[in-house]
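Two complexes follow with chain A in common, the first pairing it with chain B and the second with chain C.
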Partner chain A sequence: MSKEPILKVSHLNKFFKVKKRKLIEEKKYVHAVEDVSFELYEGETLGIVGESGSGKSTLARTILGLIPSSGGTVEYKGQNITDFKVSNSKMLRSELQMIFQDPYASLNPKMKVGSAIAEPMLINGQAKNKEEARQKVKELLQMIGLQPEVYDRYPHEFSGGQRQRIGIARALAVNPKILFCDESVSALDVSVQAQILNLFNDLKEKLHLTYVFIGHDLAVIRYISDRIMVMYLGKVMEIAPYDEIFDENTHPYTQSLISAILEPTTEPNAERIILEGDIPSPVNPPKGCRFCQRCFKAQPKCFEEEPELIPVSADHQIRCHFAKVGENK
Partner chain B sequence: MATIVEFKDYSMGFKDDDGVVFNLLDQVSFKVEEGRALGIVGESGCGKSMTSLSMMRLLPPSAVVQGGEILFQGRNLLQMSDAEMEKVRGKDISMIFQEPMTALNPVLTIGFQIGEALKIHEPSITKEEQQKRVVEVLAEVGISNPETRLNQYPHEFSGGMRQRVMIAMAVINHPILLIADEPTTALDVTIQAQILDIMKKLKGTGGLVVVTHNLGIVADICEEVVVMYAGRAVERGTLKAIFDHPLHPYTQGLMASIPTTKSEKKPLHTIPGTVPTVFDFKEGCRFADRCERCTEECRKKRPPLKKVGDDHLVQCFLPFEGEEIVHE
Partner chain C sequence: MKQRKSFGYYFLRNKNGMIGLIGVALIVILGVIAPFLVAYPEGYTADILLAPSLSHPLGTDKLGLDILAEVIWGARTSLYVSLTAVVISALIGIPAGLISGFVKGWLGEIIDACIDIFLTLPMLPLMIIMAAIMGTSINNVALVIGLFSWPQLARVTKNATLKISEMQYIEAATCLGLSKPRILFKHVLLNATGPVFVNLTLIMASAVLSEASLSFLGLGDPTTWSWGTILKRAWTSNAVISSPNPWWWWLIPSLCIVIFVVCFNMLGTAINDILNPKGRD
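After this line comes the complex of A and B, so read on.
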């Protein structure tokens, strides 16, 4: 891991306007992503976890410029690439790629999978002509564990796991440096999920990739990630190395997520923390700490004052009034 | 302990447009005892949902029952008339469906939809009594302000709340057998924990069948497990037997391929290939193509059912210590 961050996100915001229902009404916004800052280092995997509605996917889409940001900056290798309003955006876009959640919905059913993978190559100039593209696609298919003969088949002829492999191949077609994987293994069966997770790790080593891995299954995220970022209602609650996330000194929200993991063992579970209620509306987020309404440790202070991200050790930050500084190993 | 439901060599399949029948469930046998929870686990396409729909007699029109019996308190569900079945369905046997978003009617209030389940089985019930029972059951599944919420429509509820409504609808008649088909798949982990907590409280009165692909859920609420693969119950027994000493290569592979909170950062165990579809099922062991320990014999004949220990059955040719062949 190098010390210079490959991607630096500073105070990134994304608000969506809420449609007015009356003529005279205060403008309201959905606070989807608010004040998110993190650094991504070359060769690492950053896992992002949180419940649905916590802004994980919106964050990835805003970084990639798929939706315009509402504030803050994104720097890639020292260059400001916020919203991709830069002259070399085409080249940059090919270096930051996304693998989507639903392999069924993200492939064109009328397009042969080979052509679907070759298209970005031709557009971005990774291949000069169709012949060269065909050759490169076949190499790529072999690398991700499919037969080169599948080039001329259509998406419906593949199973879920194979389609996810095709989605990965299409993202890899333009030689990316950073891959954003949005719930890329959530829709897969257990035995296939393990195959794809292993594939991600192999590719990372072979192609020197950096991953941002979004998911809701903390056991999977812990397995694949070097560092884990926990989000709640658009804000970062905690960033920690994977082996510190199960320690005592973590955010109460992280603790409740961990306690909700169902392990396939017959060992008795520790007392489960069951959170009350649902994630609140991001239109009117709570005044104090975002998590105060559901927190089992909440004190009056939490409802009044929003905590800052407090560094508790070298690469561990917690947004909680009760985080203990300097107690981690 | 009384047996609530028992599958005896039940087989079913699907017929295509030409009337050719493709077998899916092949001689599935298991039973659910009173006060116990059975988990049916398997990957997509293994027939676990068809097993639960068979108990409700809600199979799609193209399904064909090929043999066997489903005994509910000693009566064969497969031989009941439609009128008899209507009396059982929703009263003695009820089901929590997979997707609360699609299973609820968007233009009717929650109160009406839950009350309907009650009214059908107790036509003489008064309006006041019906309302009272609905409020009670909503409170039981953890919905606050049930009196006001019962006049609301499904879109006013969050995913977890809709799932609670589904549970309320299923338990209002105090069923003897409750079937939950992937009850928490669409939910967040924190909401999943809430729902499982409710289901644990409801369990114990009758039998519970939980159909899921998540082994963690089974470990959490079930006492007995049936592992299904491609329409066959490849292994069954108590939770402890299956989870601590899995015998079938498929069960072993499945357990090893799940990342846990303690797994090391080395490659995960994988089962090569994918689950076969109903059109590719072969005469021999259906797992043979993906099995590391497959022999010639596995591809030719269906594996025998063996009893290993007191509460553990496995369908495999591999030799196990202390095995006893139940049937070939």
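After this line comes the complex of A and C, so read on.
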């Protein structure tokens, strides 16, 4: 793993305006992503985990310029690419690709599978003519485990897992360097999930890809990730290497997520942490720590003062007042 | 793996589509080869108001002209007018609907306001005024009808666009680096074909009705035959209320209009069903 980050996100913000209901009312914003910074190194898989509404998908969309950011910068290989307002945006766009959550909605139902994959190739110059594109699409289809004959079929003729493979092939068509997988397996059956996760691992080795893997299921995320970033209510709560995320010294929210992983055992789990209530409204995030209202460790201090990301070891940061510095090493 | 079946395969198996296609084809053939079929009906003869017989299968009118010949030449005019009107309204309505549904901001707002204004305008009086100002020729009639039938097409296209542009595959297309016009005019339009196609055939049908109304009101081209012109002549000669009633004079062109409209509607619905890959089996 090289130490020069391929993607560097600094203090990225995304606020959505809330529609005014009354004539005179102060402007309100949904704090979907707030002050998120992280670095992504070539060849690694960064897992982003958090429950629904924690801003994971919004973060990915903001980085990819699918929705405009409200502050902060995104750097790709040292170049500022925030919102893709740069001259070589076409080339850069093809290097950062996304695989979507819903395999049923992410394929154009009126386009044949082959031409849907070939189209971005022809536009971004990965293939010069239709013949070459057809050839390359067939190779791609074989690589992701589908028969080349599916070229002339429509998406509705495929199952969810096959559709997700087609979605992967379409993203790979433009030779990306970084793949953002937005809950890419959560719509699939568990058995198919494993197949697709293995496919992701195979492709990573074959094509030297870097992944940002977004999910709400820590069991899936830990299967594929080198590092894990935990988000809650638009903020990064913890960034930890794979082998430190299951340590004692982690964020209380991470601990609760870990205790929610199902284990193949019949013994009762006495220590299971069950969070109460829902994620608070991102329009009025709580003063102090974002997690204070649901935290089992919360002290009066947590309601008053917001903790910073505290580095507890080289690659491990925790946003909690009770993180123990330097104990992990 | 089973062989993919073609558009034609499914079309041949769609009963309504085939009826519509045969009807439309008959009208088109009649219109195209009219000059080789019968002489252009003009002047007058002595065979006034003859009931349908072997020598005049659909009877004659008050000038002694053959109704069959008039109807066949009328099909030519009706086809020409409705096709031109559809092309004009498609050229304005489809891009207007796509843009107002997809582009947020002032451009979309302005187009949207235009659609609303055109939808609230009383169509027939304006058509009459415009036809009166521009003069009576079939080109002007077609232009007027086209200019007034695009708003409903734009509205339908806009509604489809609004729904489609929220879909994930449109976001995926943006992510893959496809340009906005390409997404709009290929991916969105491809998925909006159903409602747009049906609406185009409806406009085709209503253009014939409008053309008949304008001709009936005397604003059509008096030098060419259309189904509306035949009806107008029948009306001004009191054919509808006189006794004994020359029913063939007014009934035949009316039936032609009905058949034309019904056939186009059936064809449009069938194409819609077949273009949607899910609706085939």
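Definition applied: the second predicted complex is superposed on the first by the 326 of 329 C-alpha atoms of A that agree within 3 Å, B and C clash if a C-alpha of one lies under 4 Å from a C-alpha of the other, contacts with A are read in each partner's own complex, and residues count from 1 in each chain.
Going forward, contacts are C-beta pairs under 8 Å (C-beta built on N, C-alpha and C of every residue); 3 or more make two chains touch, one makes a residue touch a chain.
Since the model is a prediction, treat every value here as computed from it, not as a measurement.
Undergrad: Quick one: on chain A, after the overlay, do chain B and chain C clash, or do they fit? Just give me the call.
TA: Verdict on chain A: chain B and chain C fit.
Undergrad: Is A:R134 touching the first partner chain B, the second partner chain C, both, or neither of them?
TA: A:R134 contacts neither chain B nor chain C.
Undergrad: Quick one: chain B or chain C, who's touching more of chain A?
TA: Tallying touched residues of chain A, the top partner is B.
Undergrad: On the A-aligned overlay, A:E119 touches which partner chain: chain B = first, chain C = second, or both, or neither?
TA: second
Undergrad: After the superposition on A, what does A:K8 contact: first (chain B), second (chain C), both or neither?
TA: Neither partner.
Undergrad: In the overlay, answer first, second, both or neither for which of chain B and chain C A:K28 touches.
TA: Touch status of A:K28: no partner.
Undergrad: Let me test your reading of the model: by the given contact rule, A:K77 touches which partner, first (chain B), second (chain C), both or neither?
TA: In the superposition, A:K77 contacts neither chain B nor chain C.
Undergrad: Using C-alpha centres in the superposed arrangement, which angle lies between chain B and chain C as seen from chain A, in steps of 10 degrees?
TA: 80
Undergrad: A:K204 in the overlay: touching chain B, chain C, both, or neither? Say first, second, both or neither.
TA: In the superposition, A:K204 contacts neither chain B nor chain C.
Undergrad: In the superposed arrangement, does A:D217 touch chain B (first), chain C (second), both or neither?
TA: first
Undergrad: Pick out the closest CA atoms of chain B and chain C after fitting on chain A and give their distance in Å.
TA: 12
Undergrad: Does any part of chain A touch chain B in one structure and chain C in the other, and if so which residues?
TA: No residue sits in both footprints.
Undergrad: Chain A touches which residues of chain C in the complex?
TA: On the chain C side, the touching residues are 1, 4, 167-169, 171-179, 182, 187, 190-191, 193, 275, 277-278.
Undergrad: Write out the stretch or stretches of chain B touching chain A in their complex.
TA: Answer in residue numbers: 43-44, 158, 160-161, 188-194, 196-197, 213-220, 239-240, 243-244, 253-255, 257-261, 263, 265, 267-272, 274-275.
Undergrad: Once bound in the complex, which stretches of chain A touch chain B?
TA: So the residues of chain A in touch with chain B come to 51-52, 159-162, 189-195, 197-198, 201, 216-220, 222-224, 246, 256-266, 269, 272, 274-275, 278-279.
Undergrad: In the complex, go through chain A and note every residue touching chain C.
TA: 64, 66, 90, 93-94, 97-98, 100-102, 105-111, 119-120, 123-124, 147, 149-150, 152-154, 156, 167, 170-171, 173-174
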